[in-house]
Structure formats: structure tokens, C-alpha cells
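Just so it is clear, A, B and C label the chains in written order, and each chain counts residues from 1 on its own.
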Amino acid sequence: MSLIKIIEILAILISAFSGFIEARSKKMDVVGVFTVAFITAFGGGTLRDILLDKRPLFWVTHQEYAILIFLLALVAAPVIRTLRKIASERLIVIADALGLGLFSIAGVSEALIAGMPLFIASMMGVITGIFGGILRDVICNEIPMVLRDGRPYAICSFAGCWMYLLMQKAGVPPDFALWSSALAICGLRLATWVKGIRLD
Amino acid sequence: MSLIKIIEILAILISAFSGFIEARSKKMDVVGVFTVAFITAFGGGTLRDILLDKRPLFWVTHQEYAILIFLLALVAAPVIRTLRKIASERLIVIADALGLGLFSIAGVSEALIAGMPLFIASMMGVITGIFGGILRDVICNEIPMVLRDGRPYAICSFAGCWMYLLMQKAGVPPDFALWSSALAICGLRLATWVKGIRLD
Amino acid sequence: MSLIKIIEILAILISAFSGFIEARSKKMDVVGVFTVAFITAFGGGTLRDILLDKRPLFWVTHQEYAILIFLLALVAAPVIRTLRKIASERLIVIADALGLGLFSIAGVSEALIAGMPLFIASMMGVITGIFGGILRDVICNEIPMVLRDGRPYAICSFAGCWMYLLMQKAGVPPDFALWSSALAICGLRLATWVKGIRLD
């Protein structure tokens, strides 16, 4: 299996996992757990594709991901317990940062292909990276965490999306631009997390 | 008027009615009552059509339903009183179960026509059946009932959608597959309601 | 700069401004302030375009508005303080009423061009006028103000949209129909505000 495929699956699973946890903390049943996990994992990319009018959606052409989340939702309670045991907070933050980088750069690159102007393309990258979590919080009746916790999360995505756009403009090879920007987002996120940096 | 038309109108009215009740319980005005009733009745099908990129939307080609809900919203308070008098809880549950069956099977069959893979098609059926209620609860600032009450509702829809998909695969005549699956959802929902079955 | 351009920018800024205020009152950070302001300003028109399946979206072809809101969000705290000093409540209500009129008539006229039937076209006008505020309140975890405060707001939009539709049918010159209806919505809104009229 290629590296990108592994990271992709990891990013989707981490998103779904954060949906599992929030749904359980709201005492949702198995239907709620699946719905919230699914929306967290695919909400950002789906919103981007609807705004760009792009079809078919990612999870429609790759129904194996939907089925995987479905099967995990059926065993959510023991899955959460096990994952909590083997996954330290550090591991979760690292995987989540990788997911943020990958989702964001996938989003900005899709938007460029669709002919979006630069600022809009950068917004599409951030939307892909953070809107799954926003929709998760809206459906769980919470003010979205990413909009109020004052930690640099969307900002890291935004910075990395611009890095990608500028590298594209400068004629950097596409693959290198993509991977280095995704890693930059991941690194930036981890650095601000380690340092405990907060915005106003 | 054909039987399917009558059930369709009944399903839409029942959905709208549950929107009326929730909007009034939140002390909304006439604008809120109409908006919430409309979203409850058409939200599920509209979300499905946006995901499938299908237009025109059902309520656009059948504006008579929108007008009907508009007129009912103008007289919501007395309408709710009267309906509560003539409609026992049993009648409401039966009509709602009929609506769930009809909406779900309409959703899964639309998704098949649009070429969706099987699992995604079953999800589209469930989305059509339950997302009107989810959007109603989100706009009324509640955690969606269907995601947390632990009663088999989405599950009945899901089971019936697969019954339809398998009958289609097996070459059962389309009309028979459609009606028997819709009735199966309705029957399953009523059986679990009578027995008081709960999920975890 | 043409008059319509000035009003358009004013309407967008006023919507964004109401988003700024609500986001700050929820203690959101700069990401939240931008997101909520953007959704308030463009949410109604975006929802209409998704329902009509029209692309590119307004803010995609006019990215200068997105950039403007972005820059204002960076300085939201002092901006809000300054605007509150120079903008009396009266001025805000007048600008908001102008925005409601302009957004609504833009919406109904887009819907007519897209071939919508009359009642649906009037709904699209109202959606364009009020859904930005509804989405703002949903994301801020509040029951939408416009659905429950009992003040004629959506109703003014609805009445003006029908005035526009009837003038179109009657063969009134398009420009005159557009401007007089937009002004009628604005006037109606201001009149009901001055008189303190409330619905049930």
C-alpha cells in the first residue's frame, strides 16, 4: 500500500474517532455514533465538493471507507476503550496534525484544478481541513471548538495552503509542493501545540 | 387520486406536523413555524438530491406542497390543537412509520438510478428518511432525537433499504420490491415501537 | 462606483458586522470571527445557489469581498468598537433594511432567471435575505433570531418579493420593478420597526 493511502486512511480514522468520542459523550446510540463519525470524517471534503459542484463525492467512489466507519461504529464502545489505551494523547495529536495537513492540501489542490482564484482556493483548503469538526460540533449542539479555543489550527492550515499556492506559482514540482506543504501544516500544528501558543 | 400520492401527502404532512410542534414548543413565530415545518418535510430529500447533484428538487417541481405547508403554518396554532384532538399517539406513530418507509425507499431507489454503489445507496435511503428530523432538531438547537433516543428508527429504514437492494439484485419486479420494502420498514418500526425495543 | 455597487458592499459589510458581534459575544477567536462573519454575509446567497445548482458562487467570482471580510476579521475588536461609536442603532437598522431589500430581490430575480415557479421564486428571495443570519445563529448555538423574535423581517422580504413577481408579470420595466421592490422591502421593514409591530 502506498504511503499516501496509509496516511489518508489514518486521517479518516482519526476524524471518525473524534466523532465517536463526542457522540458517546453526548450519550448517542449507535446511529448517532455512526452519523457523527461519518460527518466528522467526510463533512469538510463534502462541503468543498458541493461548493465546487464536483461529483461524485470522495466517499461515494470509495464506499469502503463508509463501510469501515459503519463497522467501527457497531463496536464503538470497546473500540474507544482500546484506542484510548494504546493511543496516548501525543499519538492522537500527531495523527490529527497529519490529517489536517493532508486534508487541507488535498482541498486547496482540488480547488486550483477547479479554477478557483487564489484566496478562494486557500479557503477551500481550510474548509476541507476543519469543517468536518465544525459540523460534528454543530450536530452535537456545541459551539465549534475550532472557532473558539484560540489555538492555531485553522491558521496552520491556512499558512500551509498559501505555501502550496506560492510553490505552484513558482513552478516547484507538484508532488514536492504537495508533500512539503502538508508536512509544513503538520509541523506547524505540532510546534504550536508543544509551545502552547494561543491566539486572541 | 392514486394510493402512492395519498401516502406521499400524508408523509409530508406528518413531517411538517412534527416541525410545527417543535417550532411552537420553542416559542417560534409564524416564520419559524413555516421554516421548521418545511425543513422537516423536505430536508432529507433535499440533502440527498444535493449529494447526488440531482435537480430540480422535489419541492421545486411540486410547489403545491410548499404552498400547502405555508397555508398550514398560517393557522398552525388551531391546526395543532385540532390534530392533537383527532390524532391519537397511535395514529401519529402509524403515519410516521408509513412516511419513514416511503421516504426511505424513494431515497434508495433514486440513488440506484443515479448509479450509486450499494452501501451508499442504502445510506441515501436512510438520509432521505431521517435527515429532515435531524435538521429540524439542529435548527431548534437540540441534539437530534433520532441520534440519541436509542429506539430503532434509522435501523428499520436501513434494514428495509437492504431488503429493497437485495430484491432488486434478485430480479424481483420493481413495483413489488418497492412496496414490500416500504411496508417492511413501516411494519418493523411499528413492531419495535409496540415491543418497546431499545438499542444501546 | 455605481449606486448598486455601493449598496451591495454596504449590505455585505452590515451582515459581516452582525457576524462579528455575535462571534465576539461567544468569545470566539479570530478564526471564529471570520468564519461567522463570512457565513452571515454569504450564507443566504450560497444556499440559494446550491438549491438552484448555480455556479460559480458570488463570492468565488468576487473574491475581493472574502478578502475584505478577512482583513476586517483580523482587526475585528477595534473595528467593532469604532463602528459602534460612529454607527447609532438607527443607522445599523437602516443599512440592514437596505441589505434585506437588496439581497431578497437579487434572490427572487436569480430564481426567476433559473425558471423557478412563482412561489418557489419568492421563497428563494426570502432565503437569500434571511438564511445568512439563520446559519450564523445555528453555528453560534442559538435558536435563530429571525424565526422567533416575532418582528416582521422575513415577512417584509416575502411581501416585496411578491411585489417584484407581480410587477414582472404586469410587464413593468425590469429595472424599475427591481429597485422599487427592494425599496419597498426596506421601507416596510423600517416602518414596522418604527411602529414596533409584532407578529404572533
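Simple rule for what comes next: a contact is a pair of C-beta atoms (placed from the backbone, for glycine too) under 8 Å apart; a residue touches a chain by one contact, two chains touch by 3 or more.
The structure presented is a predicted model; accordingly, all values stated were derived computationally and were not measured.
**Q** Touch graph of the chains shown: is it line, ring, star, complete or other?
**A** complete
**Q** When chain A meets its copy chain B, do both sides use mostly the same residue numbers (more than half shared) or mostly different ones?
**A** Different: fewer than half of the residue numbers at the chain A-chain B interface appear in both copies.
**Q** With chain centres defined as C-alpha means, what is the inter-centre distance between chain A and chain B in Å?
**A** Computed value for the inter-centroid distance: 31 Å.
**Q** Multi-chain contacts only, two chains or more: what residues does chain A have there?
**A** Residues 50, 53, 138, 141.
**Q** For chain C, which residues count as touching chain A in their complex?
**A** Against chain A, chain C makes touches at 23, 26-32, 35-36, 46, 50, 53, 55, 57, 59-60, 63, 66-67, 70, 77, 138-141.
**Q** Residue numbers of chain A touching chain C in their complex, please.
**A** So the residues of chain A in touch with chain C come to 50-53, 116-120, 123, 134, 138, 141-144, 146-150, 153-155, 199-200.
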